[in-house]
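Here chain A shows up in two complexes: once beside chain B, once beside chain C.
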Partner chain A sequence: MKNFQKYIGIIIPLLVIAGLLLYPAITGKAAARETAFTILKAIALASSLNILLGYTGYVSFGHIVFFGFGGYVGFYLLSTQGMSLWISILAGGLSSGILAFLLGKAILRLRGAYFALATIGVNEAMRAFINNFDLFGGPTGITLNFKAYLAYGGAAKALEMSFYVVGALAVLAIILSYIIRTSKFGLGLLAIRENEDAAEVMGVFAPDAKTWAYVLSAIIPGMIGVLFFFKNGNVEPHDAFPLHASIELLVMVMLGGQGTVLGPILGAFAYQGMRGYLVTSDFFKDIQLSVSGALLLIIVLFIPAGAIGWLRQRNAILRRVLA
Partner chain B sequence: MTLLLQVQGVTKRFGGLQALTQVTFDLPKGQILGLIGPNGAGKTTLFNTINGVYHPEEGRILFKGQDVTNKMPYHLAKMGMARTHQIVRPLNELTVRENVMVGACFGHENQSLGKAAKIADEVLEFVGILNRADQLAGSLNVAQKKRLEMARALASHPHLLLLDEVLAGLNPSEIDGMIQMVLNIREQGITIIMIEHLMKAVMNVSDRIFVLDYGEQIAEGSPNEIVNHPKVIEAYLGDPKLAEQLMEEE
Partner chain C sequence: MQQISLLLASLPDGILLGFVYGVAAMGLTLIWGVMNVINLSHGPIIALGMFGTYLIFFKLGLNPYLGLFLVAPLGLLLGILIYVVAVHRVINAPHLSSLLATFSVNMIIIGLGTAAFTTSPYNVDFNMGSVSLGSTTLLGTRLIAALAAVIATGSLYLFLYRTRPGKYIRAVANNRSAAELMGIPSSRILALSFGLGTMLAAISGALIATFFPFSILSGGGYELKSFVIGVLGGLGNPVGALIGGLTLGVLEAVIPAFMETSWVPVIEFGLFILVLLVRPNGLFGAKQ
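After this line comes the complex of A and B, so read on.
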């Protein structure tokens, strides 16, 4: 029974992904694939952020920096060094992981709001750096030569393939999330989330565990970045490091329920669904970001500073009542 | 007689406040050391300094003969030191069993998840809250949270156990249960330092007693020596008659 419950935790998420991958074929509409791509990308990014936010309890307002940085590195290798998409995706994931490792050593010492602020700073600093980095094309970015798609059977085939690759990356993100959630390493992260000092007293090497959680939360966003820019055919600093995308990821994770495998998936679904509606509605088109900001505010208002998750908050009140 | 812990001339300051002054004592293996003193005497600070939460400005601490003065709490946990907190620190959103598994997984035995779950159930049975194992730790009452603190510490199968006021806030029957538990733990060969305000309990349980007042050690000895020690009576008990009363209480 216990095992069955455990497996349910991974079976449902994978069924969701399978449904999304089949959705375009079932509806037969070209736009459906675009929609499904966006949702799969959001699921992969939100599930990755969840490793840091949901399991470890560290709020990052700048997680998109790993999408942008890894994406840039991989896209550079792809477009100007002639490397294959696969090598480039791996390189993108690796470079984001390395960036997270170095950043982790520097800013994971900060707790609560200070860490959150530092992550915004990192994202903005990276954007400014790339903007002035000639190798990556500075403010104009890099454009992919159309011929690069030939290696994948032409532009149309490459687009279709990208859809399945994003599905594979979403599956990878979910499996990673599940493995961490059910591992000893994950138990250490949860302990850090609940009370970092108590966790250290019980023997959790918090500085190392946090750094590895950060690295693991950064790798798939870097890979997604490469794929996304490959599909778009170009990259610019503006598209690579949008602060609002970081906030949207937070909303997705918090909306669905952080700290669970399924939560970010549902959150990504719900948020993208809402966003899709807002973008197509004339009235909401211009204010969709205000809506996501307001949504975040509403979620945050129900959570006292420093606390993660409404369930946990409810227990904090309960504890105060009991004590 | 092997010394498990040696505290040598430890001084700890918080800004201008001298929380510990030249504290020195040895703790042989297998003993229970009672640590007493008025509120604010520095007892909890001494625990925090021993287990690496704070680092002393002066002096050194040896655990199992090894200098651990500047080690972190997780290093000491890995070496076999465990503690409870005066103000309980449950991992609220985790179940009671998961809380205890953290102790077993990350303590000095470094257990796997499967083994840790088994140990957790044994230890929860021992402290008497096995029936709460699947409940969230945040939903326990204070007495149960104290037992949880104890269970987490015990799950690591420590060599040295630091107990910070495990009896505070418990009712008389809970206190008796907890005292019995401490004695049972010692039976298992675990060395204990116990901070306690309840005189009767600490006098009955301890092999030796160490008294702190304003961060200074004012006395050390057997329970009998301590209770008749003029300095202790003056500083801690205030009034000799009160001291006698406390000792005579059944």
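After this line comes the complex of A and C, so read on.
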């Protein structure tokens, strides 16, 4: 019982993932698997962003650049070099991590809004560059030869497998997020968030800690990118670096509660659910963006800590249960 | 040789366009300078300015340049409204809050705009003739737009340095609490500054609409350009924004003479990141 209480902060998130993974099998509908895939992808991306945004307090407006860049590198190896999906996914994660390391050395010196602007610039520069990069197919991108799916038992089997792989990546993202949250390294990040100068005085070497937080938050988006483009069968600059998707991730993290393990999961769930409802509803579908915007505004203005943060502030028991 | 004649043909156009970019960026940089808020609803407001020109020209049958006198006050009022509803509560909060608050305004405007105008492109066919200078031809619409941009800049300068509310704005930008102690109603001044920023965005949109096709989504590109220009000229420095706008206009005219046009954004954003890293206060020395 005692152990159970100690690890409840990770058990609840993992139960959510398990539920999502079983959901399509229970309902038996193909559409359910698509929905669950989107939510799991959002959970993995939002949890990764949370490492930088929630723990370290740096606002990355262009986090999707790692999804796109890693995805491009992995997809190139997969489709043009004929490597296996597993090696490509690892390569995607690795290349995103390296990109984050190099970028982090440079732009993490900027603080506040300057950092946010720089991340937008990085995303746009990368998109424009890939658009001109002939090795990656330029503006038309790369298309996967349909035969590539045969190695995984045909297209239908490959789709089903991608679903379980995205689940595994989501679990990985959550475990990573939890380990960082409860480690000394994570404590250093939280100190940087509260006051970077004071944290340095207390012995946190901020430049290194920030860079590693940036790298750790970039690896899983890169892996997800490869998997996502593998599932779609093609990649284009336009799909790989959508700035609005970066901001959607920020919204998810804010919605659920930044700096908590469960928050991004809940936020991803709520945001995708709401979006699915608004897009299909007759009444809202024309103005769904306005409705999402108005909801976001209300949350930013009145519940800045997000749902989990708000609950934690209210109740001592919840504070122990919700990591 | 061919490149030089190409340059001579495109350079004046780039400079004229640069003035209009400058006005858009000035709106962004004014808001940043006064209240340290990056206005992510800048792009949609530029787009609203474009549709302002469209509606005035086609529905009211007015000359688009006369229409500016209608677009400007509406832009000002919209900005004040946005400030009161979305920005005032988060003005002292961390940057993430104000970024997301203005972004939610962005989503609201785009959503309503899409419902009203769809996302298909519009065009205002408006011809002011052209002026030939040797081998180059200048479109009348762009000449007038550049002139209007210069007038808007001049008026802003006069307003900030010669009038009482303008001096209040500069005082609040300098030190809000000290300004408040001197009896300046700082909240109202912040609302006014935000309104002026969106007014400039709307004016630039209204001018751009006279020579480029546009849709409700086209503001986004100009918003990104405004970021680049603002950083080049130093965020918070209106005159720097104008110089930055000219720089960007010239770059856009010069680069295609040497490499493919699709490289323009790579160079623009590369320069943007470089300037942020090396001289975050801008190439033209903003006051800090």
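One rule holds for everything that comes next: the second predicted complex is superposed on the first by the 275 of 323 C-alpha atoms of A that agree within 3 Å, B and C clash if a C-alpha of one lies under 4 Å from a C-alpha of the other, contacts with A are read in each partner's own complex, and residues count from 1 in each chain.
As a convention for this text, contacts are C-beta pairs under 8 Å (C-beta built on N, C-alpha and C of every residue); 3 or more make two chains touch, one makes a residue touch a chain.
Computed from a predicted structure; not experimentally measured.
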item: Which of chain B and chain C A:A106 touches, first, second, both or neither; value: second
item: Most chain A residues touched (candidates chain B, chain C); value: C
item: Contacts of A:I8 with chain B and chain C, given as first, second, both or neither; value: neither
item: Partner chain(s) touched by A:F129 [first = chain B, second = chain C, both, neither]; value: second
item: Which of chain B and chain C A:L296 touches, first, second, both or neither; value: second
item: Chain B versus chain C as contact partner of A:A25, first or second or both or neither; value: neither
item: Touching partner for A:A156 - first (chain B), second (chain C), both, neither; value: neither
item: Partner chain in contact with A:L250 - chain B first, chain C second, else both or neither; value: second
item: Touched partner set for A:L117, first chain B, second chain C, both or neither; value: second
item: Intersection of chain A interface sets (partners chain B, chain C); value: none
item: Residues of chain C defined as touching chain A within the complex; value: 32, 36, 38, 85-86, 89-90, 93-97, 99-101, 103-108, 110-112, 114-115, 220, 224, 227-228, 231, 260, 262-263, 265-266, 268-270, 272-273, 276-277, 280
item: Residue ranges of chain A in contact with chain C within the complex; value: 53, 57, 59, 61, 106-107, 109-110, 112-114, 116-118, 120-122, 124-125, 127-129, 131-132, 139, 243, 247, 250-251, 254, 286-294, 296-297, 300-301, 304
item: Partner chain A, residues of chain B touching it in the complex; value: 51, 53, 72-74, 77-78, 82-83, 85, 89-94, 98, 101-103, 105-108, 112-113, 116, 136, 138-142, 152, 156
item: Footprint of chain B on chain A - complex, ascending; value: 183-184, 187-188, 190-191, 193-195, 197-206, 259, 309, 311-312, 315-316, 318-319, 322-323
